[in-house]
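What follows is a pair of complexes built around chain A, which joins chain B in one and chain C in the other.
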Partner chain A sequence: MYLSKTKARNIFIGVCITPAILLFVIFMVIPTIDVFRMSLYSWGGFSNQKQFVGFDNFKFLWNDMDFIQSFQNSILLIVIVALVTLVVAVFFAAILTKERIIGGNFFRVIFYIPNILSIVVIAGIFSAVYAPSNGLLNSVFAVLNLDFWQQKWLGNQQIVIYSVAGALVWQAIGYYMVMYMSSMASIPASYYEAASLEGASPFRQFFDITLPLIWNNIRTTLTFYIISTVNLSFLLVTAMTGGGPDGSTEVFLSYMYEQAYGNSTYGYGMAIGVVVFLFSFALAAIISHITKRDVLEY
Partner chain B sequence: MKKSKGLKTESFYKIFIYVALIALATSIIIPVVWILFASIKENSEFYGNPWAIPDGFHYQNFVEAFVEARMGDYLFNSIIVTGLAIVFLLVIALPASYVLSRFRFFGSKFLNSFVKAGLFINVSYIAVPIFLMLLDWDSLMQTMFDGGSFLNNRVMLALIYASTALPFTIFLLSSYFETLPSDFEEAASIDGAGYFKTMFSVMLPMAKPSIIIVILFNFLLFWNEYILALTLMPGENKTLPVGLLNLMAAERAAANYGPMYAGMVIVMLPTLILYIIVQKRLTQGMTVGGLKG
Partner chain C sequence: MNIKKLLFVLAMLSIVIALGACSDTEDANTSEADDGEKVLKVAALESAYGKEMWHQIAESYEALNDGVKVELTIEKNLEQVIRPKMQAGEFPDVLLLATNRPEAMTETMIKANGLEKINDVFEMTIPGEDQTVNEKLLEGFTDTLATNPYADGDTYLAPMFYSPTGLFNNAGLFKGKGWEVPTTWDEMWKLGEKAKEEGIALFTYPTTGYFDTFVGSLMYAVGGSDFFNAAMQYEDGIWETKEAEKVLKTIEKLAEYTHPNTVANANPKDFTKNQQLILNNEALFMPNGTWVVGEMKEAPRADNFEWGITAIPAFEEGGDRYAFTFFEQMWIPAKAENKETAKDFIAYMYSDEAAQIFLDSGAVQPIKGLTDKLEGQKQTFYSIYEDESVLPAMGTFASTKPVPGANISDVLYGQIDSVMSGELTYKDWQASIEEVSDRLRSAMK
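This part shows the complex of A and B:
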């Protein structure tokens, strides 16, 4: 059998892309549409009683104190984790690219390790770090005679959210550091040489050359900070604190999961999912707008 | 006078830099090494000084984790699921990326942005809808045939892992294929090779560096994933991270710490070893992809 050239081409294209498109639609697009659709229903998920309630689930959210608490926690985590990680990652990236460091490669390799660990393992590591009596952190303070700094890191409702933030920052630094290093490495060395000749200090060089030139990269990563903190804080909290003590570490998605799954109010859970989705999208758009600067070409 | 002052701030600056570097490195090394040590400690050792070096090699913790906590079975499941998922992903994503990046056809522009939009879909949101979908399929199968088990199915989980990794993988592979000159295809066509032959024997072999990066990233992603596994495998066929989650809860309640740390080592050791072997490729590849939340 002889096929015409166009026909052969069409068959080839069809065979190559159909499986991918099918799987993508079945396991990603349809479930996403389902989240939006189900948020308009009152439904337990398993029973047959599915009732269309319009935006009632969303109205209910306004007065749900537990949701508001999880909302505040999430925003707090996003802000702390993004800011601290950003500053620390840029700092170490600048050092490792600009300065001659003995063992520079060793540090780079070590800093990336947390990023390859499962978030369940990270939850385990930080449970050991934060354990009240024999935990690593408290025993470091004991050795340094700083007993008054010892805390019940995961038991104190005022502190626990910052303990979670610490684990998230620890996990993220290496990843973003490598990202910033690659964009810093592409800045021409002649810029720094010229600045040095004019007598600019390393700090001045950092703020006047490095920072403006990697600004675009920082803007992009800010979006990723938001998306990944929303996601990772959910996974970490589920594995480490289960949202406790007393809801003090509950975040958006853990609350969504609990409502949809544990509490069997599926439609309500999906309404939370929709709010989180729209919120992170809006936040990313706002941040990208307010951080807009003229892009510097080099 | 002025020069010595300059030297002084210079050396202060250097000291400050090294202190910061060493502080961060220690904060990573100590907990990881501490877990490795704790995994071979006897239970009584956990009540003494936490900084003490282990008395000896108590491999019983690993035996207990492997046998009693069934981490051995879960390890097997994780290997199956991760391996299958990577095979599925490559078989599906490679031809798709090649076609999407190098062929113009009706709707190709739309399909490209359609798949790229998938980068914004977060697995955490869709885990529950996927669970209900599989549950539906299961009950449908039950009315038609006798069984039907889309849930608790390792092959199904692998297929879903591969599907959720498609947007990122296609994005990464397409951006590689786009950089290749079209001379290769023309030459192959003159030699009389058809589309399939050109793809398999000319184009795909050239993508080897990107394929390795795809495998590395997705290995870490699939091996460490737990929210889909937790949701879609409520029965026996758990994967390692989910098994570890149960183990941590059970052993903490029983104050039996050794096996818990052994479980953590079983989960993290394969990724650590892989990382040590390929760390350069991984961090370089990351900047090529430039993405991944």
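This part shows the complex of A and C:
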């Protein structure tokens, strides 16, 4: 049998990509569809008695104040972590790329280290930092005579979610900083030289050259922030506060886990999973849309 | 054959190969070993007592039963290990997994009617002995909702290792200061003021989960078993009664005497910091069980530290005081393959031989005369009920169908953090408990 070059090429491509597509379908698409299906059932997780309840699980969600609280916490974490991480990571990336700082490489490594630590280790470190009587943070305030700033960082329900956010930001900054640094390093030095000759200040150079040229990178990382914060906040909250005190640090994935396993309402947990999936998808799409700019090439 | 058909055939072929590779060539549910022995699958939580005792139990049971091989799964994260297998239909024959665990696997199985009825186990003659299980068991352990979750007289869970719970303290500190251990709440508040003057808090707690036995003891003390059982079965308006109000108000008042760092440390990772407050003489009492001694054995402590335990104080002079009895449970999944052998195995758990193996590892079962074999500190703890004014309390909430978003433990115990930090008044707390109780009542079987 004679095969044309095009057919042979297509067959080769087909043979190569079919296993990958199959794995994707079996381990990603089918389970995701199954989550949607299970969200329509009342089921505890073990028995064969699955009762079809339609959209009842979603109606419950609408009136479940604990879920709403966990949803608010999640959004708060996403916004705080994304904004603070973005600003600080861009700032440090600009400093370390543009300025000749003694020990610049050392700082790069130091900033990046939190990213390679396990989230459980980070939970342990920050529990020590936030310890009420002998923790680093309160001790520093004591040394600086700022006793009125001392707090029960993990005990005060009004601020504990910000304490969790602090740990997440600390963990994320190094990674994003390195990403921005690589983008900034690839901007031709001649742009800055020309701007400098025309009298542009470093501040002006940053906003008119650096930021527009790394904008695509920022857009991509913003989407990544959302996905990773949704997942990491669950892990950190589970390891650091267990969702407490009294649910004040519960995020929607920890609430989903609790409902699916702790409260024997697996179907309800899957309904929360569906909402989280749709929310994350929608938020990523919105952010991608509102941050869209003309791509500048160089 | 065009390219689309070819790709389709390739895709189908890959699916078949992938599924073939995923399937197990051996029958996963086999219950017979290669040599024809019957395999009894036993899964148990590895708790503070360790796993070695289970290997000894397996050996001693095999020695007594020719042709039976005990296959053990002993893990600290048992739920995570066995859940996928159980969801795939591969159930152990026997499980030692108590209720009130965060993953609530036992409760899920109860709610799904997934437990085998084991009334007959208690009438069985213990293998190798001539007494029945009932004849050796201490009274009361099979009469509660912790063993009979549907309150219909049938038993589904066998009581295993038990521990008296109460208020743990530093007996050495009390001796040194010349302070009496309070027996009433009035005395408790007076001691709280006295301790406050010396910079010591009256109270702390590891996490709010430890209030399950504390609140239970208060409920028994204020209204006896009738009131307790009514609350456990979500009786209408029970949380609006004066008795319930007294329980909740007592905890609200306790907030004034609770160590200020308690709520900050009351999470699954830092709870030992609260326990450390007792060892450091920074707080006087905490609700706990006898396992705390092993849990904190490596922890630094104040000079002359000596563990003490006392019952929850009475509401009036001469009133009954209660020390809740916490116990773990053993059960058989309804889908277990070797139910008869599993029942025989559970009966064997109450044999002198098994009890001694467990006892050597520190685990005490509710078997008559067993506490006589205890020594030292353990003997002190288990003799808490020898005080005539101290009574044992047992039980837990009745099982209901699963109700999304309604968890009585979360609202009754979890909200105590908010009460302690002053975020929640007892009135609001009371209202939310009653609301969840109402929702669960309508879901009772």
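Everything that follows uses one rule, which is that the second predicted complex is superposed on the first by the 268 of 298 C-alpha atoms of A that agree within 3 Å, B and C clash if a C-alpha of one lies under 4 Å from a C-alpha of the other, contacts with A are read in each partner's own complex, and residues count from 1 in each chain.
Everything below uses one rule, namely that a contact is a pair of C-beta atoms (placed from the backbone, for glycine too) under 8 Å apart; a residue touches a chain by one contact, two chains touch by 3 or more.
For clarity, every value in this text was computed on a predicted model and none was experimentally measured.
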**Touched partner set for A:Y261, first chain B, second chain C, both or neither** = both
**Request:** Could you tell me if A:W153 is touching chain B, chain C, both of them or neither one (first, second, both, neither)?
**Result:** second
**Request:** Applying the touch criterion given at the start, work out whether A:A239 contacts chain B, chain C, both or neither, answering first, second, both or neither.
**Result:** both
**Item:** When both partners are placed on the shared chain, which of chain B and chain C touches more of chain A
**Value:** B
**Message:** If we overlay the two complexes on their shared chain A, which of chain B and chain C does A:G124 touch? Say first, second, both or neither.
**Reply:** both
**Asked** Touching A:F67 in the superposition: chain B (first), chain C (second), both, neither?
**Response** second
**Asked** In the superposed arrangement, does A:V15 touch chain B (first), chain C (second), both or neither?
**Response** both
**Request:** Determine where on chain A the residues touched by chain B overlap those touched by chain C, and list them.
**Result:** 10, 15, 19, 21, 23, 26, 45, 123-124, 127, 239, 261
**Asked** Across the complex, what residues on chain A touch chain C?
**Response** 7, 10-11, 14-15, 18-19, 21-23, 26, 42, 44-47, 49, 57, 60, 64, 66-67, 123-124, 127, 130-133, 152-157, 239-242, 244-247, 258-259, 261-265, 268
**Complete:** Given the complex, residues on chain B that touch chain A span 13, 17-18, 20-21, 24-25, 27-32, 34-35, 38, 46-47, 50-51, 91-93, 95-96, 98-100, 103, 105, 111, 115, 118, 120-130, 132-133, 159-160, 162-164, 166-167, 170, 194-196, 199, 220, 223-224, 226-227, 231, 240-242, 244-245, 248, 252, 260-261, 264, 267-268, 271-272, 274-275, 279, 282-283, 286-287, 290-291, 293
**Prompt:** Within the complex, which stretch of chain A touches chain B?
**Reply:** 8-10, 12-13, 15-17, 19-21, 23-24, 26-32, 34-35, 38, 45, 88, 91-92, 95, 99, 101, 106-114, 116-121, 123-129, 134-136, 139, 170, 173, 175, 178-179, 182, 202, 224, 227-228, 230-231, 234-235, 238-239, 253, 256-257, 260-261, 266, 269-270, 273, 276-277, 281
**Complete:** Touching chain A in the complex, chain C uses residues 3, 6-7, 10-11, 14-15, 18, 79, 83, 86-87, 102-105, 107-109, 111-114, 207-208, 260-270, 273, 402-407, 410, 414-418, 421, 423-424
